[in-house]
Amino acid sequence: MFSHILKLIWNRKRNNALMITEIAIAFIVVLMISVLAVSNYRNYQVPLGYEWQDHWQISLGISGGWSTDTNRETLRQMIAALKSQEAIDSVGVVKEPLFFNSVWQSSTRSDDRLITFNANTLDDEAFETLSVNFLAGRAFDERDNGQGYRPVIVNQLFVDTYFSNGDALDKLMPGDNANGGTLPRKIIGIVEEFRQYGELAKPVPYVISRFDIATGHQPSAIVIKVKEGTDINYEQHLSTLLKGIAPEWHFSFVTLKSQRSQSIENELTPLIVLSIVALFFVIMVALGLFGVLWQNITRRTQEIGLRRAIGASAMSVHQQIIGELMMLAAFGILAGLVLAIQVPLLGLFPELDWFSFWVSFAIAVAVILSLSFVCALYPSKMATRIDPAYALHYE
Amino acid sequence: MIKLNNVNKTYFTDKIETIALHNISLEVETGEFVSIMGPSGCGKSTLLNIIGLLDKPNEGSITLEQENVEQYKEKQLAKIRNEKIGFIFQGFHLIPELRVIDNVELPLLYRKISSKKRRELALEALEKVGLSARSHHFPSQLSGGQQQRVAIARAITGKPSLLLADEPTGNLDSHMGDEIMQILEDLNKNENTTIIMVTHDDDEAKRTDRLIRVFDGQLIH
Amino acid sequence: MFKNYLIIALKVFQKRKFFTFINLFGIVLTMSVLVVGLTLLENYIYPGHAEKNHDNMLSVSYLRALNKERTQSSSSDPGYYFLNKYVKPLKSADKVSIFSSPRMVSVYLDGQQVKSRMRLTDADYFSILDFNFKQGSAYQQDDFEQGRSVAVINQHTKSLLFNDGNAIGEKIKFDEKVFTVVGVVDNVSLLEQDAYSDIWVPYTTAPSSSYKTDFMGGWGALIYVDSEDKRQFIQSEYINALKNHFEPYASTGSDTVYATVYSTADTKFSRLARDINNSRTFDTGDDQLLLMLGLIAIAFMLLPSINMINLNVSRILERSTEIGVRKSFGASSGHLVIQFLIENILLTLIGAAVSLIISIGILEYIEYLGLIPYAELSINTSVVVITLVLSIFFGTLSGIYPAYRMSKLNPVIALKGAA
């Protein structure tokens, strides 16, 4: 049966090549969408590492350049003023804002190994403000003052990526000249995660340095944790408060809740649009395959009639028609795979890992095969209804 | 008018080779009405297709009105078919989507003729087969005999000098067949059109100027 | 001849409705996506509202600066200092406006709060851009120079704050400062990047003039010229000024000294090209973008084309009698290729027409969802023309191979097949 179908396919290779090409392209389209869906889903499964439910983020528009001492003093006053508010539980400062695609990448050489990571700077209290989940070690505090190292906190992924034995706490890394001199960096804490770019971004090795008002780089936001039930009208109060301290700065307020849903929406909208287009493409391909099969059955009435006449059962004709398309689909998938696998092989899309690729591959294979099966169902049924006597008389 | 010289035609299918025509030499004069007879599969349709330049012989030459078409390209052959040859088939082969008049016009589409002139010529041809009243019907609305008359109109609308008819009455009853034969005879006499007709009917063959018998790809004299 | 082909084509479409439907489905899907994409692109490159004089405008929106050793570089939108020093003095420019990028502010009015985008501008901004004032007018040079707290707001903000009433003379408060509304303008879409905002106020009202020292970030400029021809001249004048007369700039609070800068005065298209190509030099890569757009369109047509090719190839035998007859009566292969191509192109043209109608719906839905703030997306003549050209291309792409196969059908076999 198997080799018989192969022979049939080979003898009609010119038309079948077209079918295989079509299935291959459709497969790649489905694969592409599944890769996006799978990797987004997997990213979403990874814990965020901090709380956002009762938090606000105040972006700071600092006028006249950060480095002046006045500005540093202004920020100090602001933090104090916010802390004294009844409705505010906790106040933290971040250099790169949360749920924003504001990326700070950095790298260092350690033992002739290039360690690359995304970075941020948080002040001591930010960890408490955001309820960051520590797996080991601790947040920054006075014990880090005046030491012969610069404290850093890393995420577990950083440890997994760069410390083969999993033992990273209290280890030292070289300092970098651009940021805070040549002091070596010491890992004083390991957090589960700190996914600054939101839940749909790919988790990356992440290193957090200590923000120090006296010497730190310009911070972009203050994060506050407010008491439950604090409504948006409180914003006006805070705005007046902060403008009173720094009339020349400008502030924009956003709840982390709305910033988070905005960031999810930004990630998902293009994906949804793509998926809708792909869905229609798949329907189109299904209709096309169905049409071609139908047409082929009409054309092959004689062949099928002959098969019935020499004793093929309705079932075996049924199986043969479906088998033929499934075989073509298998070839198409194979051709599509040969092309698609180049992407992870050549590392064209660094976000894509092999696990996601193979899971998506399995999904795409299932989609294409079941699609082919459904498309072949009706035409094959039609084929079994061919009356051998009539078919042989045809022509 | 037409001259075949040692024409051979062999068909190759997979591993078997079938000899369809073997060393055929044949000459038909202008104005002749020739019939071809022979059992099915003897090669008479192949012979007609070769005369009609639809099929190419493997060997031998064909001369049509002093033109040797042996080396002609597809495009040149198409032009000759268009201008000099008219076909009539057993199965009529009218295009069902087109009205009678549009079917008749078909050969003129491939010439540089204005649409007004085409319409005129097509109506003229329909007049000759007595169907000008049906020019706006669809083929399916006509009887078999009427359809074949339309097919004849289509074959003569381009004023070809040679008509090739492959069992033109094969699908018709004797009464209708007689009508068709009458039209062909009139065309032959009145317009001096050369006609080569494949037939199974002895009576029809007798009404023609000359009968050629084909058996196993060879002419029998 | 043409008419004959059209009749046959339409009859064939009618006769095999299911196949016509499948083919049309693919065509409409493909063309709809292309029409929507084209419309977005068209609305961006040829804006119709405030930026409708785009042919007389150039925009400066990008600045990259490097130190002497080229080891440190920084890029973003330019700062006020830079624009004031290098764009404002351009000799051939008839008008230059400097304005900030929009930023979010919270506007308070009678206990309600509205989040709006706010832009700081000069007075020339309103003479270069062609805002449609519903109420009042723009602030004038005098308002600007005196630093009066006046604001122009858009229709959206007005209806949020003042419902249907008159807004002129009303006070709104943001950044702890009270502004008097002097004008209400029609909403301007995000696609008009230099005009887009909710609120506009003179930058002389800023609490401090520290923006005047910003080299990088937060600002943009528009250059206006009387005639389109002067645009190229300005573009090279600007690049020349940056190449030959740039004075090294020491940024405040860091020891970096910028020695080289890259920036261009862009048309709408070259600005898009820079954004998409991520161009970092004086070359924005317009040709690359054009090539890329073409390739995307073709790649996008590939799957539907193969789908149609497949279907049509499987249907060749349906037409065998017709092909046999036509060949017998003197149609050459060329004639037949043309006939079947015309048939296919007719189908893609019908599909394109349907797509145009469907796209109107899709575009309305995009507006309804607010995916592009304030966008009013309409399909105009040039989109229609490009769509028709694309659909002819699509019809050829998907029709040529089946047409070739049909034309090569052996007439002898074709006629025998249906006897």
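Order of writing sets the labels: A, B and C. Residues in every chain begin at 1.
In this text, contacts are C-beta pairs under 8 Å (C-beta built on N, C-alpha and C of every residue); 3 or more make two chains touch, one makes a residue touch a chain.
Predicted, not measured: the structure shown is a model, and the values here were computed from it.
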Contact tally winner between A-C and B-C is A-C
By C-alpha centres, the chain nearest the middle of everything shown is C
With centres defined as the mean C-alpha position, give me the subunit A-subunit B separation in Å.
70
Averaging over Cα atoms per chain, report the distance between subunit A and subunit C in Å.
28
Between subunit C and subunit B, distance of the C-alpha-averaged centres to the nearest whole Å:
62
For subunit B, what residues touch not just one other chain but two or more?
none
Residues of subunit C that touch at least two other chains are 419
Partner subunit A, residues of subunit C touching it in the complex
18-19, 21-22, 25-26, 29, 33, 103-106, 108, 111, 113, 175-176, 207-208, 210-211, 213, 252-254, 302-304, 306-311, 313-315, 317-318, 371, 417, 419
Using the touch definition from the top, list the residues of subunit A that touch subunit C in their complex.
15, 18-19, 21-22, 25-26, 29, 61, 63-68, 232-233, 235-236, 239-240, 243-244, 247-248, 250, 252-254, 269, 277, 280-281, 283-285, 287-292, 295-296, 299, 395
Taking the complex as given, what residues does subunit B use to touch subunit C?
49, 52, 54-55, 74-75, 78-83, 86-87, 89-91, 93-95, 97-98, 102, 105-107, 109-111, 115, 154, 158
In the complex of these two chains, what residues of subunit C are touching subunit B?
1, 3-4, 7-8, 11-12, 15, 321-322, 324-335, 411-412, 415, 418-419
